[in-house]
Amino acid sequence: MSARDGLDGEDWQRLVLATADAIDEQAAELSRLDAAGGDGDHGVNVATAMGHARRETTDLDDPTPAAVLSVTARAFLDEMGGAAGALFGSFFRAVGRSFNGHTAIDAAQLADALEAGTETVISRGKAEPGDKTMVDALVPAAAAGRAAAEADSSIVDALGRIATAAREGASSTSTMTPSIGRARYSEDRSLGVQDPGATTVALILEAWAAASDDRSKS
Amino acid sequence: MSARDGLDGEDWQRLVLATADAIDEQAAELSRLDAAGGDGDHGVNVATAMGHARRETTDLDDPTPAAVLSVTARAFLDEMGGAAGALFGSFFRAVGRSFNGHTAIDAAQLADALEAGTETVISRGKAEPGDKTMVDALVPAAAAGRAAAEADSSIVDALGRIATAAREGASSTSTMTPSIGRARYSEDRSLGVQDPGATTVALILEAWAAASDDRSKS
Amino acid sequence: MRTAKLINDPADIVSEMLEGYAAAYPDIVRLDDGLIVRTEPKAEGKVGLVIGNGSGHEPAMIGWVGPGLFDVNVPGPIFTAPGPSKLVKGVTAADRGAGVLICVSHHAGDLLNAEMALEEAADEGIDNVEMAVLWDDVGSAPRGREQERRGSAGLFFVWKILGAYAETGATLSECKAMAEQVRDNTRTLSASLTSSAHPVTRQPIGEIPDGEMIIGVGVHGESGTGTIPVPTADETVDLMLEHILDDLPYESDDEVCVLINNAGALTVMELAILNRRTSQILAERDIRVHRSWLGSYATTQDSAGFAISLCRVDEETKRLYDAPAVGAGVQFTPPGDSTVDQ
Amino acid sequence: MRTAKLINDPADIVSEMLEGYAAAYPDIVRLDDGLIVRTEPKAEGKVGLVIGNGSGHEPAMIGWVGPGLFDVNVPGPIFTAPGPSKLVKGVTAADRGAGVLICVSHHAGDLLNAEMALEEAADEGIDNVEMAVLWDDVGSAPRGREQERRGSAGLFFVWKILGAYAETGATLSECKAMAEQVRDNTRTLSASLTSSAHPVTRQPIGEIPDGEMIIGVGVHGESGTGTIPVPTADETVDLMLEHILDDLPYESDDEVCVLINNAGALTVMELAILNRRTSQILAERDIRVHRSWLGSYATTQDSAGFAISLCRVDEETKRLYDAPAVGAGVQFTPPGDSTVDQ
């Protein structure tokens, strides 16, 4: 199977491992972003969750795409905790559920999954675009996924466009002021600084794009 | 009665008030000295005690020399507390007891009193000369008092010599290292700094000298 | 502000804390797969009480497990609510056959995870589980928008009264109603003179220079408002208590319990001086004090801050409040029951 | 280090603290002319227990007055022992016809003033008063010179056991002997990560930079030794406990009570992590732990420090240690006596 046809369970394992590496590398930066408006622990939190996801994913006997995402979801829900853990966990769980029954994920299935994940995050967390949260990266990412699917893109191309949209979404949060979730620690200081959760979304999707791309080249 | 004949109860009231004023003026400096080797509260402690002594002395119906000193002693014992309060209090109490039965105090009586006070401080507090305590001001002061009495000095002259000796004794403590009383807070930092308790002794005896001298001129 | 902490690997901070705490109080609590549970379980047929919360607020809530208090505490990472499965595990551990109430101190993460836990419990066929969402912090939302308020130190009163109530054999819905009733009679406002460092990252959370104070801080150091020069203790209480009293409002002839909670590094000396003014003002307003507590019950690491909490009580809640209770971090001994003759 | 304090006029700091503390716990203590005394006095015919001490260590010792604890606390100015007349007043207030024991935590000021109080009491014709001079701090003098050591947090054990013992009707000389016996089985070592400011002068007492620690500090911040970079919690306990264990020495098959006392601003999290290692080492050495306590019992204002204290116990002292006691700052509930059914 080539990347044109979709990413199978082993591919998703690789994507998750690549994500864990990317998060480890950026953890300090993510915490730094969180220190501006939050409590400065976001990088530690996500790295903890992704560390577990790395181990659990590797241990899977039957790594279907759904199973890999489900295990990742559990790592966020159980090991990260907090609002962010619940939301990232819900996101991955919805993505995994959407992958259910598919041995390989193509651009259309990915678009469905991202939409499902984004909707869950919004309905659970009640944040709207512009509230300076992970939603500001997820919404454009999901839209890019849908557009790529409609343009019949390969999964690799789709992920590339999704990652770019997520990154732009994350960047856009730096001019926003927070208005959701746990009351902020010092509102003023976060102006000009990206939202850490949105940045994590971008990092994840960039890692997915890069790792899927690697595969197509290999 | 002139200063040649001795200081009566009203004189001692005046000496105590003058001491209270001198301490108020120097309280910050005394605390600063204490901060080097101790807990930085000596000025506050002595000022509290002398504030009480000022009020109590003024309120005395029958201000004999013994009564004035006894009231001063109580202020140190009851309102200052701690080792220093007990020692200053014991000193004044011994001086007061030595004044007992005298309506006016001459140089010989003062010499007896200072010796009694100094002995009490040493026997209670177990400090020896050189230990960097109030003893290093009291011992030379008492010796100067005895010498003045033997030279048949007036009380005013005696107090002048006593104050000078106490000041020299206090100054000498700056090169000493502490070795008694409550374990010190940071031994090194007190080197080069005078002992606060010795400095207070000097301030008290200087205030007595100055106030007694005022009287002889008036 | 101190950033160095006496810990080992920051990654082990919560697990090692739980181990060390349980080791100190084996007659009260034990550590069971990451949960703090009562050593002597509650009698069968009584409602189980569970609370999940981020760690870092000790003795809350690991110290509030025991007879007359919680059955199970589910500790999350530092300042981070535990996930849904761990909460469900806590529910199972607390179940004595009469249902389980999950108490939620109202914060986004606690609420989200409790909601998900209820879904997960339902999926697993565990019913007879309810949650009570609790808030008290008048600094976090204005009057009329009480349900947006955060949970803070004043939940002390809910924990205590609810804990005693569950021991009486009250039903699950009665317990939930009691928790909400106490909540609705409770108001808290907090202030802080220092921020604290996150124990894992060692980064300061917020910034309060020496000599400044913030009124209205949250239990994680959250604050929207600016600093003011530290007022006197009396001025501080005057400012804060006016806000609290007017909010419910507490009125003359009301009877209240008082808590002056230490956020961590305030001294008992300061708490007592703050209580002096508090009791003066309450007396002036003819508000009777049933009992007062000064101490560190819910902390924000080592912030030098405090909260004033009032809870309006009636005969029933007073009786429940005075009932004996034994947690590792809080003990209630009924007045008059203090004879020591042997 | 915080120098700003939530107080009013620094000159009123102690009197306002006492007022506010007594106002919070009227069922346990009352404020009587500057003394903290039990609200319900001890039965006639039992030995009265008095302790004088400098203020600033709260809840010690204002929080240690109550049934099964002290009858009277005589608070002095900040970090300064009270004078002799006030102590004598305390003796009179504590007298229930069987004599009074003055407990002296060994510091120059406490000892001097207690000695003078005994003289003063004798002058006033009050006899049947004794004093017990108590020490525990292995950081303050080497082995063989125990009687030069300072009193510190470990006197916790003396207070508790002696308090229960006096309630049994033991005589004055028996009480004094018991206090000294517990003292001789108790060892403490303290460490601190920060100094604190004197609350009146606002000047720092000593200086410990962030990231550094001193082992061997005294309860007023005294220290002769230098700082070291903050070790891990486990390394710290290893270092300190070795010193403590070798001193008595505590040996295999001994049974001990453990106290990890917070000097003020350490977190419960850190105390628990320190206790984890403590209990591991004791287990390794086959030293049994009867009971452990983690908390702020004797503080040095808001120093981020702690003490590890051990007390070797036998059947009698264990029973006394476990007896119920109710102070505003410390409650002992006997294990097993924690039923809350109503």
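Each chain gets a letter, A, B, C and D, in the order it is written, and its residues are counted from 1.
Everything that follows uses one rule, which is that contacts are C-beta pairs under 8 Å (C-beta built on N, C-alpha and C of every residue); 3 or more make two chains touch, one makes a residue touch a chain.
Quick caveat, the model's predicted, so the values are computed rather than measured.
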Contact-connected components, chain C excluded, all else fixed in place: A | B, D
Two chains sharing the most contacts, counting C-beta pairs only: C-D
Farthest chain relative to chain C (centres taken as mean CA coordinates): B
Centroid distance [mean C-alpha coordinates] between chain D and chain A, Å: 54
Geometric centre distance via CA averages, chain D-chain C, whole Å: 28
Whole-Å gap between the CA centroids of chain B and chain D: 34
Category of the chain touch graph - line, ring, star, complete, other: line
Interchain contacts (touch definition) - all pairs: A-C, B-D, C-D
Residue numbers on chain C that touch chain D, as the complex places them: 1-8, 13, 16-21, 23-25, 27-28, 40, 43, 55-56, 58-59, 63, 66-68, 163-164, 167-168, 193-194, 199, 210-213, 230, 232-234, 236, 258, 260, 264-279, 291-296, 299, 301-302, 304, 306, 323-326, 328-329, 331, 333, 335-336, 338-342
Complex contact set, residues of chain A against chain C: 31, 35, 39-41, 44-45, 48, 74, 76-87, 89-90, 124-125, 181-187
Chain A-touching residues of chain C, taken from the complex the two chains share: 11, 54, 76-86, 107-109, 112-113, 115-116, 140, 150, 198, 200-201, 203-207, 218, 220-224
